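Each of the two complexes below includes subunit A, the first together with subunit B, the second together with subunit C.
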Partner chain A sequence: MIPARAGTFGLSAPGVLLALFGFASLLAPFMTLAANRIVEGKGLTAWQLAGPEVIYPGLLSIIIGLILGLFSSWPRVRLAGAVLGLAGLFWLLSQSAPQLLQGAGEYARVSPGLGFWCLLAVLILLMADALTQLSPRPMTRLGLLLTIVTVLFILLGSGALSDLSIMKEYASRQGAFYNAALRHLGLAFGSLAAATVIGIPLGILCYHHAGLRRIALPILSFLQTIPSLAMFGIMIPLLGWIASTVPAAKAIGIAGVGFAPAFLALLLYSLLPVVANMVSGLQSAPESVRDAARGMGMTLMQRLFRVELPLGLPVILAGLRIALVQNIGLAVIAGLIGGGGFGTFVFQGLNQTATDLILLGALPTVALALTAAIVMDVLVEVTQPSQSAQHTQGMPRKPS
Partner chain B sequence: MIEIDKISKLYDGVAAVDEVSMTVDTATITVIVGTSGSGKTTLLRMINRLVEPTSGEVRINGKSTHSVSKTDLRRRIGYAIQGHGLFPHYTVARNIAIVPTLLGWSSEKIDDRVDELLSLFALEPDQYRDRFPAELSGGQLQRVGVARALASRPDLLLMDEPFGALDPIIRAQAQIDLRRIQQTLGSTIMLVTHDMEEAMQLGDRVAVMDQGRLVQYGTPAEIIQNPATEFVANMVGGVDRSLRLLSLFPVSEFVEDGSAEGESVEANTSLRDALSICLWTGRDALPVVQDGSLLGRVTLDAIRKRAAIS
Partner chain C sequence: MKKNAIKWSTIVRVLLVVLLISLVVMPTWFSWAFQPFAPEKGPIIYERASLLSLSLSHLGLVALASIVATLVAVSLAILVTRPLGTAFLPLSRTITNMGQTFPPVAVLALAVPALGFGTGPTLVALFLYGLLPIFENAITGFSTLPPATMEAARGLGLSRWQRLIRVEIPLALPVILTGVRLSVVIALGTATIGSTVAAKTLGEVIIAGLLTNNTAYVLQGGLIVGLFAVLIYDALVQLEGLLLARYSISND
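Up next is the complex of A and B:
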């Protein structure tokens, strides 16, 4: 990763861009105040939110944060700037919400506005850019992720944000939220597990038999091109018919709507990345290495477990990563056919035109997908077979 | 002894190898040489059954290669290839230990063997044992590849263009090392190359292949002096033939009594180099020494006689 060293005066090019966009975002409505959860709210810029004792510290933190992000040669300072900016952002959000609600009526709702979301994106990008510059080791990245998740949970659990509309939506359906979360995870990970159990042996077979490969991969590619709504649409009559003709299927919970069709659709979608990456992972061992392994008298299984799988593991895991992230996103559609998951809130929200209910479904989905992507990336990196002594022994450090 | 008996391989009815028969003596180097596509690799790979012959048989020390399982057969036959084929995720030591491990050797025995081979190939064991292939030079990779092929003391070592990826200087050194190691260990080697120079240099016997057929099989001298076909004659090269022939013999075989003026040459100098010295220094004879003592002389006349293709 090449540190961004562009520009004169040691200014970071992405930093400048982010700062400009960030300052512009300060002019957009930071929060909206609405009479109730359905109607459209009125936008309020950051300096209209509350008294100076709230606004000045918040705005100052954001501005200083954006400025610290400019210095290309100090990635740690840039990272600190991003953290400071984020702190300011959430300070404004949590401190002004109760003040805005005061005297605004019983059903009044406050929500983050366009300006907030833009600044959030800018500061997260700044953080990501600074981290890329620092290129932390895999375990450090995992530690950072854990820290961020913990901070997020503390923030949500502390009640500091409970005056926000989205948190009110959450408060009124806590039980449903946890069920949806469990169901969402069940759909995404369950279908991935099933795809792994089917896809890994299928991938190995495809690797060994060119004929099977020529049939299986195009079929899986075709499945992948079916639009998700259409796929769920096909599942309903298909599984409905199976449930009505095979009593045993019905007994184990297979039905036209609900969990089963959603699970099956996700399974079909994830087979392509799992199988295709399995095949190219196994093929990634150099031809001369595979030839030598055969020539030395290794059996099929010995070659698989000692050569092809270890050398292909990063590619194979990359396939699982694609399938998992894709499943977490696609599982939202399950909400439409009674499959549960966060999609339930999204579609309820769409019906009621309640934006914050939609967000209650969408935001956890995005957070989940990002977390899964980061964890899987770390996994892919640490399974890179060590090909130099530095990884295994640790080079003696130069005294500096 | 390796007996190849009327072995053929057809691909879609076309013979890649066409009824090849030859016998290879134990503890010799046999080089299979031919142009690209002449069937050398296919012939070699039929010996360890990486390619199954369409017809014919290979016997090693009298036993058919089909009397044992493929994996058992391959574990008894060393195999070294152009791209060295070292496992990138294994250290040098683990790479060399692959076949001994498959054969169930004890770990002490394996460790000793690894160190022995590394030393034999001039790689300091303490320094190279734990390195990964990515940390070696091209010449070192090639040496480890050959060491790995020799690890279990195989009955036979098959090498397919083992020096193909090396630059000329390292390549020449690798050829010298292979000769030395083959003589030390008494190995039986079959080596494939498209380079006639290499074939002449390394082979006790040379098999020339053309379009799947074995067109000539003999010592390098026989092949240069009596090429069986036009194709072989072209391969050994028209004008260079006499010089090639001279490079096959050391002066020690042509020493005669008598004295000569000027700087002496070592007994293992080739006639070709001796000729070059004669011409360069304008002498008709050179003194020959071995281990510091004078053996006699070699004359320009004797060299000229040997070079004439009878």
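Up next is the complex of A and C:
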């Protein structure tokens, strides 16, 4: 539901706000040039970056993009403006980096500065605002996401950005990066899979037995409350003890540090959203429908599989979405206990005060979380019964 | 049966509070318990900083960030649910949805390049991230007010301001408080990780344990932080229940 946009002369109020913020961001340093990867860089505004043949097209498309975002009655134009602005942004970034590096020394590094990040945020928000106005169908959204991901991969693969400091950090640890990515995905999806295998039967049991529900759900909520660093830490002696007392556990790779404690901690955190949404999903079948099913002589199992599960599917999937997004974020902490994943780079970067190494860990995590959220939202919407029944999203996300 | 259950939970609560206080104030009492986890001849109890001062600084950080976040988030939610601000409602929904997808750890890590190390970036990250759940819940609270009650308030001749203070805020309060609780729990966890960027919090004990392979430290820090989180969460749930009960009685 989109409320009618107020505003004089067909101007979009959020568009005006974003444009003002965008123009202000143009005054902030667009890029920074540093003597090496550790020291703080010198900020350069957009017009100090390179020659006019680079700056004018870039700045012009950003400015035109922001202006196109102003017209509230033409969401498609606003969307095009956001795309144009983003193109200008990446043009400036890719074209000026090699020019800045020329003659700046062997270890010199260029990175995007505050201005770039603010403009990126402004243009992405403009895009999101225009898309909200257009309210595309789920499949269109999925297509858009796929396009964006493809463009991003082409951009990164083309080498147009390889002069940037973060890409140099990547180039010097490509192998480690892919291992970290695999490990991160393994932790996030693996623990989700395990939580689903445990959580779905547990959810069904909780749905049928109010007594179990009253015990299990509060325990899971309290588990969810424990700060992640504490949870990961407590897993270490626990699993270390199991490994030292049960030889079979050690044989399959369970140890106090590394993958196992991280996996178990993530599994415990994802149980609450899976189980709680399983219960509320099953409960979401209207009483009249359940009565009809009973009247038709359906058995308990038939009712579960033919009525309650299909009707509760959107809520159940919403639970999986929360667990997945939360797992992707929390898997970063695994980097602190030798569990691998993108967190390794984040904490290495924090130790070395190497900003771009931090970003090399943090940006893929954020991108992964956003992608997972969008894909799961589409799934939730596709499974929604056509009568546009409004379900609550269920349990909140887990903190950090 | 019901009465019995209440009694039990009270006993458990009191015991946990006593355990927590003694863990923080008299850590040496527990040497025997942590001994098996410490490395041979290594230190058992964390002594580089007093656990009490770390706890106070941790809780202070969380309290400050949460109070400011609550004030700002509720004010913003009031703004976008007024007729003048409705144009911003879809955008603010988008921001909260996207923002909450950002992992708190990533927010913290990204605050460092912008703000440097120390307590400052942690505070900013806690504040920014804490805004989102409160804002989201406050918007839900203010936009799902019962129409009949609002109509009655208008019929009574209450001004906009009076309606906001006397009707809308009290009605939305339980939902807002749920957001505050979520936000506080997130802040407690994120503050723990804040010690990786040199903020003075209880996470320091856990990190020190991880770096020196001293599981006794890890357990000590983990237990204290975990107990704080669980007890604060529980207290806020009780508070919500209390307010809700009080409100519905006065409403009858």
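What we mean here is this: the second predicted complex is superposed on the first by the 383 of 400 C-alpha atoms of A that agree within 3 Å, B and C clash if a C-alpha of one lies under 4 Å from a C-alpha of the other, contacts with A are read in each partner's own complex, and residues count from 1 in each chain.
Methods note: a residue touches a chain if its C-beta (ideal position, glycine included) is under 8 Å from a C-beta of that chain, and two chains touch if they have at least 3 such contacts.
This is a predicted model, so every value here is computed, not measured.
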{"item": "Which of subunit B and subunit C A:A292 touches, first, second, both or neither", "value": "first"}
{"item": "First, second, both or neither for A:V332, with subunit B first and subunit C second", "value": "second"}
{"item": "Subunit B versus subunit C as contact partner of A:P385, first or second or both or neither", "value": "first"}
{"item": "First, second, both or neither for A:Q302, with subunit B first and subunit C second", "value": "first"}
{"item": "Subunit B versus subunit C as contact partner of A:L311, first or second or both or neither", "value": "first"}
{"item": "Partner chain in contact with A:P227 - subunit B first, subunit C second, else both or neither", "value": "second"}
{"item": "Partner contacting more residues of subunit A (subunit B vs subunit C)", "value": "C"}
{"item": "Contact footprint of subunit C on subunit A as seen in their complex", "value": "2-3, 5-7, 12-14, 17, 114, 125, 128-129, 132-133, 221-222, 225-231, 233-234, 236-237, 240, 256, 325, 328-330, 332-333, 336-337, 343, 346-347, 349-350, 353, 355, 358-359, 361-362, 365-366, 369-370, 373, 396-397, 399-400"}
{"item": "Subunit A-facing residues of subunit C, complex", "value": "37, 83-84, 86-91, 93-95, 97-98, 100-106, 108-110, 112-114, 117, 133, 182, 185-190, 192-193, 196-197, 203, 206-207, 209-210, 215, 218-219, 221-223, 225-226, 229-230, 233-234"}
{"item": "Of subunit B, residues touching subunit A in the complex", "value": "48, 50, 70-75, 79, 81-89, 98-99, 102, 130-135, 148, 158"}
{"item": "Interface residues, subunit A side, partner subunit B - complex", "value": "286-289, 291-299, 302, 306-307, 310-311, 385-389, 392-393"}
